[in-house]
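Two complexes come next, and they have one chain in common, chain A, joined by chain B in the first and chain C in the second.
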Partner chain A sequence: MNDVKCECGHVNPHGTVLCEACGKELIIQTNTDQLIDMRYEGSARRSQTYNKTIIDKIWNFFSSVKVGVWLIIITLIASSLGTILPQEMYIDLPADVYYEQEYGWFGKLYYQLGFNNLYGSWWYLVLIAMIGISLVICSLDRVVPLYKALKAQRVTRHEGFLKRQRVFGVNEAASESDFSTVKKRLQERRYHIREENGDILAEKGRFSRWGPYVNHVGLIIFLFGGMLRFIPGMYVNEDLWVREGETAVVPETDGQFYLQNNKFILEHYDKNKDKTFEKAIDKAGEVVKNYQSNVVLYKRVGQNLPGEKPTLKKVKDYKVRVNLPLTYEGYSVFQASFRNELNKMAFGLTNKQTNKSMGELTIDLRDPKMKYDLGNGYSVEILNYFPDFEFAENGEPATKSRVPNNPAFVFRMVTPDKPKGETSFVAIKQTIEPFGDNQYKMAFKGIETTNVSGFIVRKDATLWVIIIGGIIFMIGVIQGAYWNHRRIWLQNKNGEVWIAAHTNKNWYGIKREIESVLADTNLNMPIDQAQIEETDKGGV
Partner chain B sequence: MKKRRLVMRSVILLLLGAAVVYTLYANFTKDTKQKVAVGAQAPDFALVDMQGKKHKLSDYRGQGVFLNFWGTWCPPCKKEMPYINNQYHQYKDKGVQVLTVDIQESELAVNQFAERLKLDFPIMIDTDKEVMSTYGIDPLPATFLINKNGEVVDYYTGELTEEKVREFMEKIKP
Partner chain C sequence: MATISSNLLFISFILYLVATLFFGGSIKSKKPGDEKQGTNKWGKIAVFLTIIGFISQLGYFITRWIAAGHAPVSNMFEFTTFFGMALVGAFIVIYFIYRTTLLGLFTMPVAILVIAYASMFPKDISPLIPALQSYWLHIHVTTAAIGEAILAISFAAGLIYLVKAIDQTKSSKQTFWLEMVMFSLVAVIGFVAVSSIFSGLGFHEKFNWTDKHDNAAVLEYTMPALSGPHEGELVTKDGFKPLFEVPAFINAKKLNTVIWSLMAGLVIYGIIRLILRKRIAAALKPIVKNIKLDFVDEISYRSVLIGFPVFTLGALIFAMIWAQMAWSRFWGWDPKEVWALITWLFYAAFLHLRLSKGWHGEKSAWLAVIGFVIIMFNLVAVNLVIAGLHSYAG
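== the complex of A and B ==
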């Protein structure tokens, strides 16, 4: 595993194919007439040379571009699988019920394979992690030797090197004036000229060779930002529903912040006020102009146990509107949603025969009283209350949840002529008298609703990392794609003038540039040996 | 030279490996990790029961606490209540306290529920959902078994049988 000293004097690392300084072939390839593979300047790609320990074997696996490409293809296919059925975060029912219910055997299989939460599954993360590792190792393995080779290159190149460049040509001796004309023209075209013993190396755009490595760095930073999201506290994304008039604790703030919702406002466009939209409103019907919640943010003061009423200090008032969140100490509260909820129901204790109401009561659906005294011996008791009524499997009345979506009551109506009371079961549009015909009924008098604002509470400390990663990525793409690395050699060999050229991209462009540089001189345009090879193969 | 290459590669692979392992670990635990896990100290809280008496979890240091979260709409909760009530009487004098927390329902609903099922143990309503979020309650019913030192020794979600209730109470008996 020793370094190799070339006849030109430069010492090269073990495994170097072309001498870093002069380009002489150090490791004889199979066919000496073939064009040189210039992709990495013939430098020793470390992974190709060492393969001893297990560390080396792992390193070499990840440094392969083929492996990297396969990883990307597999990840793409895996990602598409997550789009076949809705992911867990978008469904309302529990996952073990939903998939089989909606999609039958396919849904059940999907759930059993864990695809309901595909992008958070361990094997998907392993795939992404492997792409990340491949990025790091591929880049390191190539950029270090390439940088060293481009830095060590000398002006005067070995004959074999020049002869086997893609663009190469030989001229009889050239005059001083021709040389200086060419040199001047190259300088005008912003080539950096290095001279040694009358030989010229004109080079420009070397920095664009680093473009791909810059964009890989950007990707790695991007992935790192994604990984940061797992650190507790770095990323919070929670739902918060607050009813008008109520105060709720803001989730994931460790009980420090409370949000009071004073009012929810829903505004529509008015045909008369917003004349510009008149035609559009006619066509579309009602169009919402504004979703807004007027809130107050409080901070907890002092130490309280959960369950005890906390002492709150007001922080600020704010009108939260769509895309205009309330922000404080890194947290943002967005206006995301709303719903209308039944709040109060009014009934009249009515004599069925005379249809006269003996008294009215308004029931707060979230905190009903046990008894409502209407005076004069009339009162109503609530024997049973079902906020979200349904008939259970055994036929008995029950409630689905504690939200008053479908309120139902079992009333006992106490009147002077029926002091023991009559029982009536009352739901929306339904009255059942379980013990025979009653004299009185609870007549529905009205209903009041209230609004509940839906907020999204978000904190994202990882965003700037991800953005920087993205910016660096784009810089790398531009750096590598927009410019080319071009080199032109003009060398005196055996009394002749040899011209050779190389670029990493856009051969057509560099050939045209050489043409115009050599115009009106005695120097002939070098030929493109790759094209000759092709025509040779074709037999023409 | 050979050694340096080996060291460099090993260090780089180790760093990358550590990042991958951390990510997988964090992803795994965030999904399955309990907010209040078995073995942890049960967070203290204070609530008032239906009789107006204030209960603090820390008041019951030195006794075992059977802490149950429930709602009237949850059928398994309804089924297990009589069992809990029975065992409450059995273990009352053996140093096991029963505390139950209803999730944000109206006093009317809770009172009627308690009356109908003739429940004697303390029932408290978590009106602001604070205790519920402190304990990370998701499915109901949820029962935490807390020993005399305030540590959670077990956690159960799903309908309890009378046998299980007895087992749990026996476990936290001081």
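== the complex of A and C ==
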């Protein structure tokens, strides 16, 4: 492939549409009476030049803005589908049950199509990845030739180039003083002025042309940051439940950190105190004011020896609240939820006939004793304990978990009358006496509950990459959106003075600017040729 | 303080209405000319009233902030009102760039509708739940609303473009959809009208019904129930008997409101058509005859360019920062988040189409309209219909 030498002497790369230096049209694409297509300065883009090998084809596919826009639109529609029904992470039943139960055949279909976890599906990730590739290739395809073309541009431009700019005008002649006034005014407006043989090129805001590429770089970094999450160790996301008064090891920290939960606090707004909110509270019932866990963070000292109690050093006291996580060494502990758990249960050993209590016992549901001695020959043994009782499939009593959600016991009650003891199965609202009628029973006396704070432990080492990506993106967007790349050519052609102007956007602005620059000179305001071409349709 | 606040809001609402009339006057009395022509007396008064109204609404905002102890952007009424205010603010800014009163004539009614719509929701000052107790509430929500408001200006400009560009002498797809946009705006008036009338009448009726989990529940209607709840039984004496019953998974009460609003919208629209004897868009045509197409096209594009970075910052970046603090993850695919992403993707596509595919003029104007529809969907439907973490409206 040969480079193209323009009549002005500049050597352009193969595929150049407008000479980088003088702007002469090298590849005729439009009618000579139409305006020139100024996109990417008519530079030689790889995608427009080569289309032979498979690499060319892939490159051309992803470098097409049309493809990019389609990818965006498809992603947009796909994303909207995921909002029709709640996503899997927001439901509290198994997905195969939930969708059909809640939304009937539609829910079932939704689940079968895999929309219950749409944003984690392989095809959604492929879409995002394709957008990422498109971002890289689109940018490279354009930014390099654009940079070269803008760098190579000369002050004096080809006649055809000037004539076919959107804003263009011809003046008979201009005086020296007019030229210098215009030059001065342009400089006042922060134009960068270049002169060549009495021709002027005034340019400003070229850096705004890099805005799109800067923001694309930001986006790529952002997406890259999102990908880093899949690397082990970069991202930790664990639930941690700690009962009041207890200390638990913080997961995924190699047993380095321990969290003690001193107290969980739940506050509601008080309509008598917060008068302003009286009406709203009346309507809503109760409004939560605060979820808080007062915790102490400990760090282990020395080696972690199995079976040995770790030595802990206090790191800090903290009140973990919503919006105010505890952050330490890259780990953050968030107040996420809470629950109220059964803690203790009290029973009285009671004579069924006389209803007389022979003594009471309180069972710690986390750590029940084998035997409770009530004195005077009365005692109760726990033969079996089911913290989360259910009947298994074979009809035997079993426990679902170790959490005391629904405790059940098999007691043996030993009394002076029945020294061998009587057996009784006791669950909530249920008593079974397996060996016939007993003389004594375990009468339920009360429960004690405890608060359990639900924390989320999170470490996200990818956050910095994402933040940097976000910042670069914002810089790029602002750079591209709030500045304009404006160029004004003032050139002597055939004894006339030609004025042409180009901006990448905001034509209204550049026209106002030219007006003010040319005011009170003999130079006439150039004409917006796009407005002449356009005839208003269907005027009344 | 709360009373002062609501009075200020009312004053600003009235001022906006009056300003709209003056904007209308400024167009009517304008002699043919191009955009260079200065604003006439009517136009100056209109802009002045708009600014006073904006200041008054700012007063509402500040006084309510003082009364509540937090920025009033925490429920549907407050947020939507703020959006209306941002819309007026965005218009004022754009006005001083482009100096066209016609934009005011199209923007102000939209802002008025937005504020009127907002005031149909409970206006009580509500306390903040723990997740909202953060200064990011102020930063994220206001920036997002301002971004959306600037983007909405492109809708107003796009509307002007379409009214002018679309040939109304014969009916076509374009005339139909443009008229649909007009009807949607009228339907908002319909909603405001029926809500105000029935709440003025103090209408109430109660139903016992069965929800989708077969639980017995009570539902209270504030409009006569056209669509009754599943297995609904009217409790209120002399209440209005539903015309039909809907399955349990559909929210009968909200559907009822939609039906009433559409009916009222149709009636109002019918009356307007009877008076005008042509499409609303066709009737608006003489008003826009003095503006140049490429000029409104540029305003529309410029608004997107100005609004897009603000929207990105407010609705995505600030949102992510806050979500990271409150919910421990910066992105969780909550419906509101997803719809913010969709809005963002849409305007990104808009900019790419414009930049590279040369979608100027009419195509671009339609895109601006669709963009606004997405923003409104995110404001209305995502709060009211789709359940999620952001459902702050009842």
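By definition in this document, the second predicted complex is superposed on the first by the 400 of 540 C-alpha atoms of A that agree within 3 Å, B and C clash if a C-alpha of one lies under 4 Å from a C-alpha of the other, contacts with A are read in each partner's own complex, and residues count from 1 in each chain.
Here is the rule we use: a residue touches a chain if its C-beta (ideal position, glycine included) is under 8 Å from a C-beta of that chain, and two chains touch if they have at least 3 such contacts.
Being a predicted model, the structure only gives us computed values, none of them experimental.
Chemist: Would you mind checking which one, chain B or chain C, touches more residues on chain A?
Modeler: C
Chemist: On the A-aligned overlay, A:132 touches which partner chain: chain B = first, chain C = second, or both, or neither?
Modeler: The answer is first: A:132 touches chain B but not chain C.
Chemist: Output check: A:308 vs chain B and chain C. Expected answer is one of first, second, both, neither. What do you get?
Modeler: First partner only, chain B.
Chemist: Once the shared chain is lined up, is A:102 touching chain B (first), chain C (second), both, or neither of them?
Modeler: In the superposition, A:102 contacts chain C only.
Chemist: Between chain B (first) and chain C (second), which, if any, makes contact with A:245: first, second, both or neither?
Modeler: neither
Chemist: Figure out whether A:330 sits in contact with chain B (first) or chain C (second), or with both, or with neither.
Modeler: A:330 contacts neither chain B nor chain C.
Chemist: Would you pull the chain B residues touching chain A in the complex into a rising list?
Modeler: 1-2, 5-6, 9-10, 12-13, 16, 19-20, 22-24, 26-28, 30-31, 43-47, 56, 71-73, 75, 103-109, 111-112, 124, 126, 128-131, 133-134
Chemist: Taking the touch rule as given, give the residues of chain A at its contact with chain B in the complex, in rising order.
Modeler: 1, 46, 50, 53, 55-56, 58-59, 120, 122, 125-126, 129, 132-133, 136-137, 140, 224, 227, 230-231, 248-249, 251, 255, 305-308, 366-370, 382-385, 387-388, 392, 398-402
Chemist: In the complex formed with chain A, which residues of chain C make contact?
Modeler: Where chain C meets chain A, its residues are 2, 35, 67-69, 98, 122, 124-127, 129-131, 133-134, 136, 164-169, 212, 249, 285-286, 289, 292-295, 298, 301-302, 305-306, 308-309, 312-313, 317, 320, 324-330, 332-335, 338-339, 341-342, 345-346, 348-349, 352-353, 355-357, 382, 386-388.
Chemist: Quick check on the complex: what are the chain A residues that touch chain C?
Modeler: 39, 65-66, 68-69, 72-73, 75-76, 79-80, 82-84, 86-87, 89-90, 102-104, 119, 212, 237, 269, 274, 276-277, 279-281, 283-284, 287-291, 321-325, 332, 334, 336, 456, 458, 463, 466, 470, 473-474, 477-478, 481-482, 505-508, 530-531, 534, 536-540
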